[in-house]
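Take this structure, written in structure tokens, and hold onto it; I'll ask about it next.
For clarity, chains are labelled A, B, C and D in written order, and residue numbers in each chain start from 1.
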Amino acid sequence: MSAPKKVVLAYSGGLDTSIILKWLQTEYGCEVVTFTADLGQGEELEPARQKAELLGIKPENIYIEDIREEFVRDFVFPMFRANAVYEGLYLLGTSIARPLISKRLVEIAKETGADAVAHGATGKGNDQVRFELAAYALNPDIKVIAPWREWDLTSRTKLLEFAEANQIPIAKDKRGEAPFSVDANLLHTSSEGKVLEDPADMAPHYVYQRTVHPEDAPNEPEFIEIGFEKGDAVSINGEAMSPATILTKLNEYGGKHGIGRLDLVEGRFVGMKSRGIYETPGGTVLLEAHRGIESITMDRGAMHLKDQLMPQYAEIIYNGFWYSPEREMLQAAIDKSQEHVTGTVRVKLYKGLASTVGRWSDHSLYSEEHVTFEDDAGAYDQKDAAGFIQLNALRLKLLAARDKRLSK
Amino acid sequence: MSAPKKVVLAYSGGLDTSIILKWLQTEYGCEVVTFTADLGQGEELEPARQKAELLGIKPENIYIEDIREEFVRDFVFPMFRANAVYEGLYLLGTSIARPLISKRLVEIAKETGADAVAHGATGKGNDQVRFELAAYALNPDIKVIAPWREWDLTSRTKLLEFAEANQIPIAKDKRGEAPFSVDANLLHTSSEGKVLEDPADMAPHYVYQRTVHPEDAPNEPEFIEIGFEKGDAVSINGEAMSPATILTKLNEYGGKHGIGRLDLVEGRFVGMKSRGIYETPGGTVLLEAHRGIESITMDRGAMHLKDQLMPQYAEIIYNGFWYSPEREMLQAAIDKSQEHVTGTVRVKLYKGLASTVGRWSDHSLYSEEHVTFEDDAGAYDQKDAAGFIQLNALRLKLLAARDKRLSK
Amino acid sequence: MSAPKKVVLAYSGGLDTSIILKWLQTEYGCEVVTFTADLGQGEELEPARQKAELLGIKPENIYIEDIREEFVRDFVFPMFRANAVYEGLYLLGTSIARPLISKRLVEIAKETGADAVAHGATGKGNDQVRFELAAYALNPDIKVIAPWREWDLTSRTKLLEFAEANQIPIAKDKRGEAPFSVDANLLHTSSEGKVLEDPADMAPHYVYQRTVHPEDAPNEPEFIEIGFEKGDAVSINGEAMSPATILTKLNEYGGKHGIGRLDLVEGRFVGMKSRGIYETPGGTVLLEAHRGIESITMDRGAMHLKDQLMPQYAEIIYNGFWYSPEREMLQAAIDKSQEHVTGTVRVKLYKGLASTVGRWSDHSLYSEEHVTFEDDAGAYDQKDAAGFIQLNALRLKLLAARDKRLSK
Amino acid sequence: MSAPKKVVLAYSGGLDTSIILKWLQTEYGCEVVTFTADLGQGEELEPARQKAELLGIKPENIYIEDIREEFVRDFVFPMFRANAVYEGLYLLGTSIARPLISKRLVEIAKETGADAVAHGATGKGNDQVRFELAAYALNPDIKVIAPWREWDLTSRTKLLEFAEANQIPIAKDKRGEAPFSVDANLLHTSSEGKVLEDPADMAPHYVYQRTVHPEDAPNEPEFIEIGFEKGDAVSINGEAMSPATILTKLNEYGGKHGIGRLDLVEGRFVGMKSRGIYETPGGTVLLEAHRGIESITMDRGAMHLKDQLMPQYAEIIYNGFWYSPEREMLQAAIDKSQEHVTGTVRVKLYKGLASTVGRWSDHSLYSEEHVTFEDDAGAYDQKDAAGFIQLNALRLKLLAARDKRLSK
């Protein structure tokens, strides 16, 4: 790879990405464009602008954007249509944010004539893969720089020395090492590493940042009604809201009731297992409600196929293949299944648990007329079941007859 | 079908199966053998013997058996190895009990020279299918009698008239109609029908029978440790127990903490949707813990394949095909995956929620050495990730290059 | 089911459906509308009109239509996009025609105010299921009459007596029984029953109707070029043609070279196994060519997903669920995958075998630059493979290390 | 990676692996052990011994083995139980041989105290991946050396210079470059590269080495009978044979009739597409026959599941994950399905095509009694089909009713 001339850096404004910024300038002598996005991580963006300017980035090279609506509308919601969970439990909160960041990096590279993009993910994790696969899928000629895999700043001490040597301001609380590493966006907060590295040990309370301890949650349950249209949440308690607003609101509800905590050991795409603490308050409520509205509006054949496809869909996203033909194929199937997933679900929130307690819809396939224990006025002829069973049993009878024949 | 001469009836001792018993005698003039099983439903069995005798069944034709250990060991545990859930949520508590009942019915038919078996499931539900498919798979020549699909006792009034006309004792509380219908065994209690038929309405508290209301559960969490060997639970808090004992204990723990309630609308095999309230306290804890021990002992490749196969496995059991080659094939794959699923999981129980908070095992694949944020002493070379990403990206780049070429 | 007042009958003009026509008039006293379709079965349609008139059908109640283009465009081609084969071998020639016939029956019922449709399929086969599921999926209130499951004309003798008693003309060659039963349309000819019932015996030559005996095919191979756009064949040897024309042409090519014969034992949806002789000359060539064009234009990820979904897609069609949400979901995924399946394939036809021998496309993903054994000018860095392998191996190493550790 | 001290090299005796042998001695100064296997590639092994001795390998370090029986029994046959084909067409002839070679390399390393193994696969192909994943899965601490990825002998000229400088004999016909590259074993011959690199061009006749041109095959068909037990071929024309003998014989039959040629563009695991010419004469006959015996002995439910799992199973083998938990899980399922796949198939061989024309078995599930067009003496009640269809249709009717309701 020839040296990059102009690089778009995913820039948080924090110490690590500031060091990367400087390192790019120093190592490659290249022009740096910074991209700082509000994905709902809950941090002010303007300090990042000041920091970038301080580090010599030209004003026209500083991109600061609120992409929360795009994030929820085009990434989070399509994924929730699938009820996607990785390894049975993980709601993919980090995985789903990476492709969007790469998309903007590549777009800004095009706008600014940059030939490279850079990110601050390490060489051990999944995020490097997600950033880079997405970037290459969107521009096959882009260069991607991953300083953590390249440089020799391999210890905290060296990083701080580099920062000091390059006049990068170091916040007081960054002098010592953080007891764990955090990633956050509107969908979730993840915490990993250090004090969390032994999966036998219970995660300390202070790790949790977005949800109250269930023991500290309200002693009274709260009930909310979530409205859906074609598989996406569109309202809470009858009030229509934008995608990002809904997720923000659900985070408030979920967080208040201690909902959406997950202590997980997962298999990384790069081959090792890692332990993470995830908080996905709104997403956990949304998944429960989405399952609830599907339960009355989606046909059994569609649902079973969808459930069967889900694990691969989740794996594809986890592994960073959002921009791949196989994800798009599955998305086409999933979206097709959501055409009638419209209606309302009532969810109970209490002490860490979100439970569907009611659901209704004009699109309902539930037929009280058919299912009733009472007289069904001929809607269903129980005698049909005899033939149904006989023909379903036929191949089993033929198998059993063979066994009988052979055992003689 | 020619008329049966001797019928083995799945007999609970209750009003409905007593009516069936009499009806079989009356309608077919056949000898009846009763089979009453303790599957953990929580009812005394001896009254069923007295009732059977009262209805003229010969003592040698009365079979009363405790099959709880077989139920858990050979049915529940193999199913939990798969983390089986139907339509994302249902733990298959009723589905998994039916094949065992049919197995004993068919075996008793052989022992007693009976040519038919009979069950009390209606023509609208899944249970008739499960009973009959299992019976035919085990004996292709057996006759199966399903009185609810045959007789003309189509209303409560007619049933009571028949009972009275035939000197069948009617308990006082059976005069009126039950407000909902219940099935129970060691794994779960299900409630359906009547007051539950509108899925928009929250289920009344009195429906729940096996779990306390989460609001009434202890205000302090409780922590238990479940030991696993090859995928099956073998101990609680270090104390080894038999399969049925473990499930019984877990039911106590779960029930006390309000864990395992589910309000579900599901797609029945016979084609309609129905609404059920399920309580699976022990099973819910067990599923969480099993996922927990798998998370450190099972390889990613195995786990993802298993997750992908699970929905079909669950559907097969739900639909009644326990005794089918496809279930046996999947079971072989699942059992293969469990060879190292051995270790211990700590689970927190609190107000309706069971959460894994720690897990450890001699069989662990988790390598702190590899995953650590600290110096890993060369266990993992971060530079490998660059090549890994490049080759994973290659096909995406070729796709992107095509798009670029064609859009020119 | 109340008695039908007006029935649309799938009417071939042959003896059997003429008997059905008369039986419907006699049994139900209902008005009959006949629908005779040209699906490419190779029979004149006008005699069916005369026969219908002779049997008292009013001219406005006689529908005769050429639906070959719709058949190929909307049913055969979408199915071939999936490379659908049932049980590894069967190209679904009969299965795919049934939904279209039902669609027209239901549409004509609406136009003519009929309340029922009728078909001539027996109670042992799959076709009854396909006809009826499609009809019910398109109109939940339609009645479907399947005379073969209802009447008592259970022997050839009784049928002929009924025909004679009702002045139905009987062609001389229909007096005796046919040595096997045939279904045909533009995609295939199937032959079943009687002389074919022992699957150990080789099918006699005279069973084959649409393909020459490979031994009698030309001694010289023939090469044709098939053009594709978005997964559908659009030209042969550079000449653009309509869907039905292309399939007709391919049938000629394939038939001449003895291509597309299949002697199969298959598992019917109704539970038994049956043996069929299928001839699908054009379809066999088309499948080979479609695979060929996909091989250079479709990404590996998409192709592997598609291959994995195919068996269920084929089963869905075979079982008669063309009009189902799950088929539509899969179709959406499959169609998505075909957006770049555009280009040309050269196929060799010789003595029963169709083989792709060349393929090219502007949409090709094949990169000689990357794959070449010669110097690739840096397109591919072989050193990347080391990292790729290391990270793919990591989980296997962790597994092996566990085995080593535990065996100590 | 520290330098290896003793290396076991997969050694063919040819020029390339002789250069590698010398290079290992020169580059690493390490002791070399050679492993030369007869996998049925059709070459003499003794010349490899002489060559190894000439290059200074100690006699006790020269391993020459006939592993054909193990290859067919433990690798080829288990794979054929799955009817495995990659991307719809490729019988995985190269892929399946690699794990066995690695297994022996790792075993010999243990026996000889070697710390590394080496292979002669390039950095662009799949074989490097297969060799190395297998090696690491069997010994996590083994070093693997892939000279083609390391050295600077990047052109034919440099290789020949190195050979000459190191007294490696160069056969005359190796001076010029081969027009394509070949791999062979008892299952297949593959040819790639150079003259084959344009997938639009028909492969020249001289590429094919193991099968006659179909045009030159006998003008008369030949019929053979293959006997199976539990899914594996055990006899031809009634004569019992060992696994390798059967495959050798089938290769003769297939080769003589021009059967098993494949011209394929495939997606490599390393990301690019490549074009190969494969000849798998015996394997092609075996696959057809195995499908044939399964068609009468395997239940529909088992077969459909197996067909659905097959593409992933084939991908796993193609990608080199033979020794992985997921392959072992699938193998357990597949082997379970083969318990009754016992019987005989008659196959017609003619001009490139192998076709099943008859099959019979004591384990047959085919019931002429059920399927017959004649009177079936009550084996099957056609009226059962009505109920079967009604309940299968119920969910479709509910969907259609919804559409009707909503469109009002």
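Here is the rule we use: a residue touches a chain if its C-beta (ideal position, glycine included) is under 8 Å from a C-beta of that chain, and two chains touch if they have at least 3 such contacts.
Everything numeric here is computed off the predicted structure, so don't read it as measured data.
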Inset, instruction - Since chain A and chain D are copies that touch, just let me know if over half of their interface numbering is common to both, same, or not, different. - result: same
Inset, instruction - Check C-D against B-C and say which one is joined by more contacting C-beta pairs. - result: C-D
Inset, instruction - Go ahead and note the Å separation of the Cα centroids belonging to chain B and chain C. - result: 40
Legend entry - Centre-of-Cα separation between chain D and chain C, whole angstrom: 31
Legend entry - For chain B, residues that touch 2 or more chains besides their own: 267, 270-273, 299-301, 304, 312, 321, 324-325, 365, 367, 370, 380, 383-386, 388, 391-395, 398-399
Inset, instruction - Would you pull the chain C residues touching chain A in the complex into a rising list? - result: 267, 270-273, 298-299, 301-302, 304-306, 312, 321, 324-326, 328-330, 332-337, 391-395, 398
Inset, instruction - Would you pull the chain D residues touching chain A in the complex into a rising list? - result: 299-301, 340, 362-365, 367, 370, 380-381, 383-388, 390-392, 394-395, 398-399, 402, 406
Legend entry - Residue ranges of chain D touching chain C (in the complex, touch as defined): 83, 87-89, 122-124, 128-129, 132-133, 136-140, 146, 148-149, 154-155, 181, 192-194, 197-203, 214-215, 219-221, 261, 263-268, 270, 272-275, 291, 295-296, 299-300, 303-304, 307-308, 310-312, 315, 321, 323-325, 346, 350-353, 355-360, 365-368, 370-375, 380, 382-386, 388-389, 392-393, 396-401, 404
